[in-house]
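Structure first, commentary second.
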Amino acid sequence: METRRLDKKATEAIVDSLLETYKNDSGTNFIEVTNLPFQEKVIEILDMLRELLFPGYTGRERVTTSNLEFVVGDLLCKVNDELTEQVERAFRHACRIKKCEDCDCRKKAEDAVYHLLGELPRIREILKTDVAAAYDGDPAAKSYEEVVLSYPGLAAIATHRIAHELYLQDVPLIPRMMSEWAHKLTGIDIHPGATIGERFFIDHGTGVVIGETAIIGRNVRLYQGVTLGALRFKTDKNGRLIKGGKRHPTVEDDVVISAEATILGDITIGKGAVIGSNTWVQDDVQAGVTVKMENPELKIAGRGAIKNHLRDAKH
Amino acid sequence: METRRLDKKATEAIVDSLLETYKNDSGTNFIEVTNLPFQEKVIEILDMLRELLFPGYTGRERVTTSNLEFVVGDLLCKVNDELTEQVERAFRHACRIKKCEDCDCRKKAEDAVYHLLGELPRIREILKTDVAAAYDGDPAAKSYEEVVLSYPGLAAIATHRIAHELYLQDVPLIPRMMSEWAHKLTGIDIHPGATIGERFFIDHGTGVVIGETAIIGRNVRLYQGVTLGALRFKTDKNGRLIKGGKRHPTVEDDVVISAEATILGDITIGKGAVIGSNTWVQDDVQAGVTVKMENPELKIAGRGAIKNHLRDAKH
Amino acid sequence: METRRLDKKATEAIVDSLLETYKNDSGTNFIEVTNLPFQEKVIEILDMLRELLFPGYTGRERVTTSNLEFVVGDLLCKVNDELTEQVERAFRHACRIKKCEDCDCRKKAEDAVYHLLGELPRIREILKTDVAAAYDGDPAAKSYEEVVLSYPGLAAIATHRIAHELYLQDVPLIPRMMSEWAHKLTGIDIHPGATIGERFFIDHGTGVVIGETAIIGRNVRLYQGVTLGALRFKTDKNGRLIKGGKRHPTVEDDVVISAEATILGDITIGKGAVIGSNTWVQDDVQAGVTVKMENPELKIAGRGAIKNHLRDAKH
C-alpha cells in the first residue's frame, strides 16, 4: 500500500487547483487588496479606546494623577494615527468596489476618526450611567469596579458606543469588525447600527441579539438570550432582499426584557413595559404593561407533580 | 472644505474634556489604584491551576514520571506567589472602598491562597467524577481525554471549582474575573457563589446561566441555554436592591435539565426530576417527576403538516 | 493568629497529595503522554488553513498576484508538516488506549492530511456559496468582504468543513479540538461529524448546536439559538449509553429555522419547510410547510395591552 504522501508534484497539483479557485472572485478574494483593514490592529485600537474610557482598568499600565494627562494624550495620538490608517483602508476598499475614483479617502478617514475622538468624553459620561445601571440592577454586583472589570454587558456596550459612532460616519467594515470582536468575547451581538440610550444594562448576556435598526430608550435592562430581531425581509421584484429599512423593534424607556424573550419586527415596546422570560412577541406592547406567558401548560409524568404551578396569585 | 484633522490644539481640547470626566468618580476610575488585580495575570494563574489539575494536558510542557514532582512543586510555588499578590491587591482595593485601615491584607491573601491550594487535591478528585459524568452522559464522547481536551463544560466547571474556593474566602473581584474568563471561553456563566456537587455535566453549554445562590446536588446534567436564575429582587424602602439573599433554585441529586429550560426563583427541583426542553418553571418540582411542555400547539400553514405531532404515546 | 503561609513543608504536603490523585487514572492524566496533540498548535494550523481558503483576508501578509503561488505553496507545505505531526500524535494516543501495537500511525496521519489538503479546492468552492448565502440572506450584510471578515457563521462553517474531513478520516481528538475552537470564537457548536450541504448560512449564531449525526441539505439557513439535538439516548442492558447511531435531525434543502427553535431526535424536516422562532419540534415536518407556535397566549397585567396580539391575518 502506497502512502499518499504530499510530494512536490502533489503539492503543485493542489496549489494549482487552489489558484484556480481564487480566479474571478469578487468579495472572497483578498489578493492585491492592500488596503483591507487588519483585524488584529482593529482589536488593538479597540483596547486603547477602552483604556481611554477607563484609564488604568486593565492594570497593564500604572496610571497616576501625575502621569494621567500624558498617558491619555499619548494614547489619543496613537489611536488617531492607527485608526485613521485602518479607516482609510476601509474607505479605499469601498471605493474599489464602487469603482469610485475621486474620493479623498484619507480626508474621510481623518474626519470620521476626529468625530469619534471628540465623542469620547460624552461616551465616557454615558458609560458611567451604564455602570451605575448594572450595579443598581444586579443583586450579585458587589462594586462598580467589579462591573467594569468583569461584566460582559459593560464590555459589549462600551464597544458598541465606539463602533456606533464610526457607523454613523459611514465607515465600512470596521464597525462590524469591532462589534463582532465584542460578540466573540461576550456572546452579545449588537449590530453597530443600533441606537441605544443611557443607563443600559445587559445581565449575563450570552445569546443577546440586537439588530441594525433597533432603537432602545433610556434605562432599559435585558437578560441573556433576548433577541430584538427582524420578522421578515422585504424583497424586490426579482426576489432579492432589499437592504436597509427599519425592521427591528423600538424599545421605549424603562423597559425590562427577561431571559430568552424573542421580540421580532418593527414594533414598539412601550415605556415601562416588562416582558417575561421565554415570551415571543411580534406586536406592539403598550406602555406600563407586564407581558408573560400564560401559566405554562406543563405535562407531568411520574409519581410527583409541580406544586401549585397554577397558583395565580403567586405570579 | 476643511479637514477636521486632530492637531495639537484639538488633541489638548479632547484630553482636557476627558480628564474632566475622570474627576470625582468612584468606581469607574482606576487612577492611583495601584493594587487592582491585573486581568491578564489572573488568567495566567488560572492556566497554571488547570495545569496542576491536569498535568500535561495542554501539551505545552512534557510531563513524565521523573519530572512530575518538580513540575508540580514549581507550578504550586509560582501560583502561590502570583495569586497571593493579586489577591492582596483585591483585598486592598476592598479596604480602600470601605475606608478600612487596619486590615492585614497580605495575611488575608496568604490565608485565602493557602486554603485554595490545600483544596486542589480534593478538587482534582471531584473533577475526575465530572469527566466521567461527561463521558457517561454524551453518546458523542469518544474518550476521557477528549472531554478534558475539548469539552467546554469541563473547562467551565474546573474554573468554577477554583473560583468558588476563593469566593468562600471572601476574596473580592478575582473569583468573578475567573468565572467571567470561563464565560468568555465557553458561553457558560456560573457565578462563583454557586454550590455544585460532584459528577456535574453541562453539555454544549452556550447560554447556560447559574446564579450566585443556586445549589446543585450530585450527578446533575444540564444542556445548553439552561438558566437557573432569579425571579424577582427584593428592594429596600428606598426602592434600592437588597444585595444577597437566596434567590436562585436548589437542584437536587440526579436531575436532568434539557436545552433552553428557564428555571427561576428560590424553588426546589426534587431528586431525579427531568425538566424538558424550552420549559419555564417557577414553582417547586417534586422528586422523580418528568416535566415537559404540553405537546406544543403548533400552527401549520402550507400544503403539508407535522406528522402526528400530537401522537401522545410517542412522547 | 498564625498565618497559614505556604512554607516548604506545606508545599510538600500539597504536592504529595496531588501526586496521589494522579495515580492510576486513565484519561484524566497526561503524564508520559508524549504524543498528545497540542491545542495551541492545532489552532495555529487552523489559522493557516483559513488563510489558504481566503488568502490575504487577515491582512497579516500582503498577497499579490506575483507572490500568490509562493505564499500558497509555502503555507500548504507548513500545514502538511505540522498537521501530520499533530494527527500522528492523535493516532498514537488512540492506539495506546486500544493497546494496539501494529498501526503505522505516521502513515495514517500522512494519508489523512493528504486527503484534507486535496479537498481544499473543493472546500473553497463550497465556502464561496456559503458567503453568497450570507450576503443574500441578511439585509444588514453590506458586502461579501464583510461576511468573510466578520461573520461568525462563516468562521464556524469554514472550520467545520475542515474538521469534518479529518473526522471522515477517523482522526481522533483533533476534529473536536478544531470545532471547539470555533465554538469558543462564535458560540456556534457544530460537531465535526455533522454533514452539511452548500449555501449554508447561520445568522448571529450564538447558542446554535448541531449534533454529530445531523444531516443538513443545501441552502439551509439557521438563526441564533437553534438546536438540532438528540432526544433520548439508547442504553445497553447495563444501562450504559450506546455510543454512535443516528440520533439527530435530517434537514432537507431550502429549510429556514428561526431563532431559538429546538429540533430534537432523528426526524426529518422536509424540503423548503420554515420553522418558526421558539418552537419545539420532535416529529417529522412535511416539505413546504410553515410551522410556528400558535399565537402565544400571553398574559397581560397593568393598564395597557398588547395591541391586537391575536390578529391572525397579520401573521
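Per-chain numbering from 1; labels A, B and C assigned in written order.
Definition applied: a residue touches a chain if its C-beta (ideal position, glycine included) is under 8 Å from a C-beta of that chain, and two chains touch if they have at least 3 such contacts.
Since the structure is predicted, the reported quantities are computational estimates derived from the model, not experimental observations.
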Would you kindly state whether over half or under half of the residue numbers at the chain A/chain C interface are used by both copies, giving same or different? different
Taking only the C-alpha atoms, how many degrees of rotation bring chain A onto chain B, rounded to the nearest 5? 120
Between chain A and chain C, what is the gap in Å from one C-alpha centre to the other? 22
What positions in chain B touch 2 or more of the other chains? 187, 206-207, 225, 260, 278, 293, 315
Under the definition above, what is the set of chain C residues touching chain A in their complex? 52, 54-60, 62-65, 68-69, 72-73, 76-77, 80, 107, 110-111, 113-115, 117-118, 120-121, 124-125, 127-128, 131, 135-152, 185-187, 204-207, 223-225, 259-260, 277-278, 293, 296-309, 311, 314-315
Chain A residues within the chain C interface of the complex: 3-6, 10-12, 14-15, 17-22, 25-34, 36-41, 93-94, 97, 172-173, 176-177, 180, 183-184, 187, 189, 191, 193, 206-209, 211-212, 225, 227, 229-230, 233-234, 240-245, 247, 260, 262, 264, 270, 273, 278-295
